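In the two complexes that follow, chain A is the common piece, with chain B as its partner first and chain C second.
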Partner chain A sequence: MFKVFKYTLIDLARNRFVLGYALLMLLVAQGLFVVEGDPAKALISLVQVVLTLVPLITLVFTVVYLYDSLEFTQLLAVQPIGRRSILAGQLLALSSALLVAQAFGLGLPLLVHTPDLPALILSLSGSGLVLVFAALGALIALKQREKARGVGVALFIWFLFVLVYDALLMWLMFAFSDHPIEPLVVPLAGINPVDLARIMVMLQIDLAAMMGYSGAVYKNFFGSTIGMGVAGSILLLWILIPTMIAFRVFQRKDL
Partner chain B sequence: MSEVRIRFDNVGKRYGRLWALRGADLTFVKGEVVMLIGPNASGKTTLIKCLLGLVRSTEGRISVDGKVIGNDPGYRRSIGYMPQISQFPTALTVGQLLDMMKDVRGLDDSALDDSLVDELGMRAHMDKRLGTLSGGTRQKVSAVLAFRSRPQILVMDEPTAGLDPISARRVLKEAGALRDSGGTVLITSHLMEEVESLADRVAYLEDGHLRFLLPVKEILELTGTQRLANAIPAMLGGPLKEADPVHHV
Partner chain C sequence: MIRAFALLPLLLSFGVCSATSWEYDAHGAERFKDLLQRIAIGDTVRISGIVQEGTITINRPVTIWGREGAVIDGGEKGEVLVVLADDVTIRGLTIRGTLVSNLEDYAGIKVKECYRTVIAGNFMDRCFFAIYLSGARDALVEHNRVIGDDSVDERMANGIHLWKCNNATIRHNLSERHRDGIYFEFVTDSRIHDNVSRNNLRYGLHFMFSHRDTYEDNLFLNNGAGVAVMYSKVIEMRRNKFLSNRGASSYGLLLKEINDGEITDNVFRDNTTGLMVDGCNRIHAQRNEFRYNGWALKLFANATACSFRSNSFLGNTFDVSTNGELMLNEMMGNYWDRYAGYDLDRDGFGDVPHRPLGFFTLLVERMPYAMVFSRSLFVSLLDRAERLIPSLSPEAMKDDRPLMRPPDPKDGTGRKDTVTMSNSAGSGSSFGSGSGISYCWSQRIRSKSWLTLEAHV
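Here is the complex of A and B:
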């Protein structure tokens, strides 16, 4: 696994898309801090950018990279190494490259402008989302035979998690506003990794107070040690389950 | 009697309702070059992929050196593969790719055969990124990779496609040398003239079935012809379909 990881990472280190991603994040983050003036306000804007961009870029890049590597993956698969080692090496390298790009593009400005706990949670949440969506991207690339279809499914998944899911939750809260549905909204929001990351960061910035009763419910649950543990576990499951399914699919896949 | 290197026992592969390969019973021995031919979608690639472990056969079993291949990838230590399409990580250099494959196969320098590196003029390309190479040069890289680990079994899928005539001849000569040292070489090619002088036997597949697997000499004797390009249609009892590879000769 390490050998595949090492050389895939060398390849990715010179990849224009990864370098572009790092620069884009740096420009956006630095730009927000400069334009907003107030680091706290900039951080709130940055949360939206991170929660939208990170899943999109990670999903699409993972899917495209794995499709473009198909012939080389075939060549690796005829070497005396197991398929698990190949996929583990590739997935680890992809995640590492994107995490390093994110640490440079997002972590550096955060460290310079607002080196505090909310910034750390934002960085960690962003990293968690990279791992979640890289695993989902790998699964999509392995399940769909055609590249265009794979990218389409990736965009649909992103759309679902970032926009549709929230819209459905808001509709639910609006439609049942006469009922005490907040206890239901908490687990529903927690199921979506993007929402989960958003809640974690918002609680640290203390924006939950502006979210009314829902915010209080979120804070009550996710603000506690157990709640944080549960949130961390859900994110971990979002990484592990797609990864395990991807391994299973790759093991049986005809290349 | 030559020693059997690879044995296919009733091997079949089904994609959905379509059998790409059915009832393949054949053996390849040590010290021979076998040419796999047949129309498009005849089952050649599926046969090769089953041996390489790229696809799982639906039925039957394949043995390499007496051991049935399963989930253990160790048997592929003795196999070299030169694919038809040579796509590599674009940002790696040729040297890095060769190092990667050496590491992946767990070889040290003494186990490597770098003769093709020099003979195909690849030494000058070692520091070049793979993404900057022409298709032909990438195919040379592919040839170097296939031979470098001194495999006992070599599978070549359209090995001369994209290569200049001199390099193509050099690669085929190397395949002949491997056969002479006891290796087993399987070649699929549409250019029969290029490989017929090298081949010891010819396997003809059609619609997923093996029509025949015979020594070249026997095919020529049976048909009373001098060239495989003429002999194969005669073996099949008439002119081949338009898509058949022998028409390209």
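Here is the complex of A and C:
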């Protein structure tokens, strides 16, 4: 597994896309801090960028990379290496490469401009999103045989998480506004990893508004240790379940 | 230093009146109460030591001056000092030991129906009510440190409490850990400036039915419910700071049924709601800074003929919210950090109106739990759509001349530029014409007063 990890990582290091991703993030983050002037405001803009871009780039890159390295995977599969190790090595390498790129592109400007708790939460949830969507990307790449279809599915999934889910939830909220739907909204939003990451960051940034009538409820929940634990567990489930399914698919797959 | 200067004219006047100066030591045989009966009108008593004689009543015009470490301890018998005569001065004392009661308003210093009382430089140590002026005229309360006992909520009452007073001056006081830091009811023609009111259970400043009062350069910090002012006419609030008032019903400044108010050059920062305007007429808010609030401005539909000019809205979660369709107020020439328009003619004002009410603001107003969608991509898109094609927000809720740059005094460019430009271009804007000088002046005052405030704290 370690060998696969190592060689995939070396391959990824040569990949211009990862470097490009790091530079893009650095450009966006640094640019926002410079243009906005006010670090608190820049952070708010950065949150939206991270929550939209990170899932998209991670998903598409993972899918594309796994398709492109299919021949290498086939080569590995004929060697006396367990399939489990192959996938684990590749996934680990992918995730760590993206995490390193993100640490450089996002973490560094944050550390320079606003080394505080909201920034830490933002980079942590950004990392969580990388792991979640790398796992999902692997699953998509293994499930779909065609690259174009795979990328299409990835885009659809991204669209679903970032936009459609919120729209559906809001529609639900309006449709059932005569019913006591309030306690359901947070758990339903919390199921979506993108929303969860957003809520965690917002609890830090929009603190003043969150102390208002119902924001206080969220604050009490997610601000507590239990809430943090629950949020972390949900993210962990989002990482583990797709990964496990991906492993099962890969085991049985006819390469 | 300040105290010494303030004393100088007093001493001089006593010299003219040939008043006697008495020394009183609490360790001596005589009771302070007996001494008070002996001394003449206009005399001065200097106290040293700890006086423990229950309630002490002052019924003739005298000056009581505490030496270093002088304490009057009421021993929880009721009031501590009761002033029943005009021209009484109480200075430099530590006062403690009021009785806590649910029936009577016991106070550290209670002034009843007197003229020209001076209460200065005292330390009010964990009193129930601390300084309580009832029916006082021309009173001066300054440089007092009023610190309550916040260990039990029921034991708390107001720090500086004025009831039916006229022409009072409340300045340079620090009031904390009381129920209301400063409380006014039926107080008219008074000035409240350079005070600090913080960490109070309820309101930092609370006044009702108090007309023609001026509030300047005060700091209200971290109070349970911020500042609430109600049912008053002709008030002026300048250069105050309303900071960190957080909670569901917590407001930087809550204005209810206020007519003819001037809210100028104030700072609202980190509050759940910065400024709430409910049922007010002719409130004119100018050059205020709203920064990092949950809701910067809650402007209810029952407010009429109010104007908001040259304010800056920076980094708030919501800039403006309202509760109805009606909008009979005016917003003009404010700076909005969310403004996405352009300024082709370079006059410092955006060419397209800014609509501060987004879709999400209205949504949260109707369904507070929708707060969970804050800054989600979907909501941002809807927000943008609502700003472009307003269908839900009141038509009049817009700023036709949004500033392109904040009227920030610190960089010295934003507002100055826009003012001179608008004048030279002769664009006929009614606001800001010829206010350049007065603006600079107010800035100078602001920085100066902050120095003294800081020094005082």
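Throughout what follows, the second predicted complex is superposed on the first by the 245 of 255 C-alpha atoms of A that agree within 3 Å, B and C clash if a C-alpha of one lies under 4 Å from a C-alpha of the other, contacts with A are read in each partner's own complex, and residues count from 1 in each chain.
As a working rule, a residue touches a chain if its C-beta (ideal position, glycine included) is under 8 Å from a C-beta of that chain, and two chains touch if they have at least 3 such contacts.
As the structure is a prediction and not an experimental result, all values here were calculated from the model.
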{"item": "First, second, both or neither for A:Ala167, with chain B first and chain C second", "value": "second"}
{"item": "Chain B versus chain C as contact partner of A:Phe72, first or second or both or neither", "value": "first"}
{"item": "Of chain C and chain B, partner touching more chain A residues", "value": "C"}
{"item": "Partner chain in contact with A:Ser177 - chain B first, chain C second, else both or neither", "value": "second"}
{"item": "Contacts of A:Arg14 with chain B and chain C, given as first, second, both or neither", "value": "first"}
{"item": "First (chain B), second (chain C), both or neither touched by A:Asp195", "value": "second"}
{"item": "Complex contacts: residues of chain C adjacent to chain A", "value": "246-248, 250, 270-273, 292-295, 314-315, 317-318, 337, 367-381"}
{"item": "Residues of chain B touching chain A in the complex", "value": "15, 49, 52-56, 71, 73-77, 79, 81, 83, 85-92, 96-97, 99-101, 103-106, 129, 145"}
{"item": "Residues of chain A that touch chain C when the two form their complex", "value": "38, 40-41, 44, 47-48, 51-52, 162-163, 166-167, 169-170, 173, 177, 182, 185-186, 189, 195, 198-199, 202, 206-218"}
{"item": "Residue numbers on chain A that touch chain B, as the complex places them", "value": "3-4, 6-8, 10-15, 68-72, 74-83, 252, 254-255"}
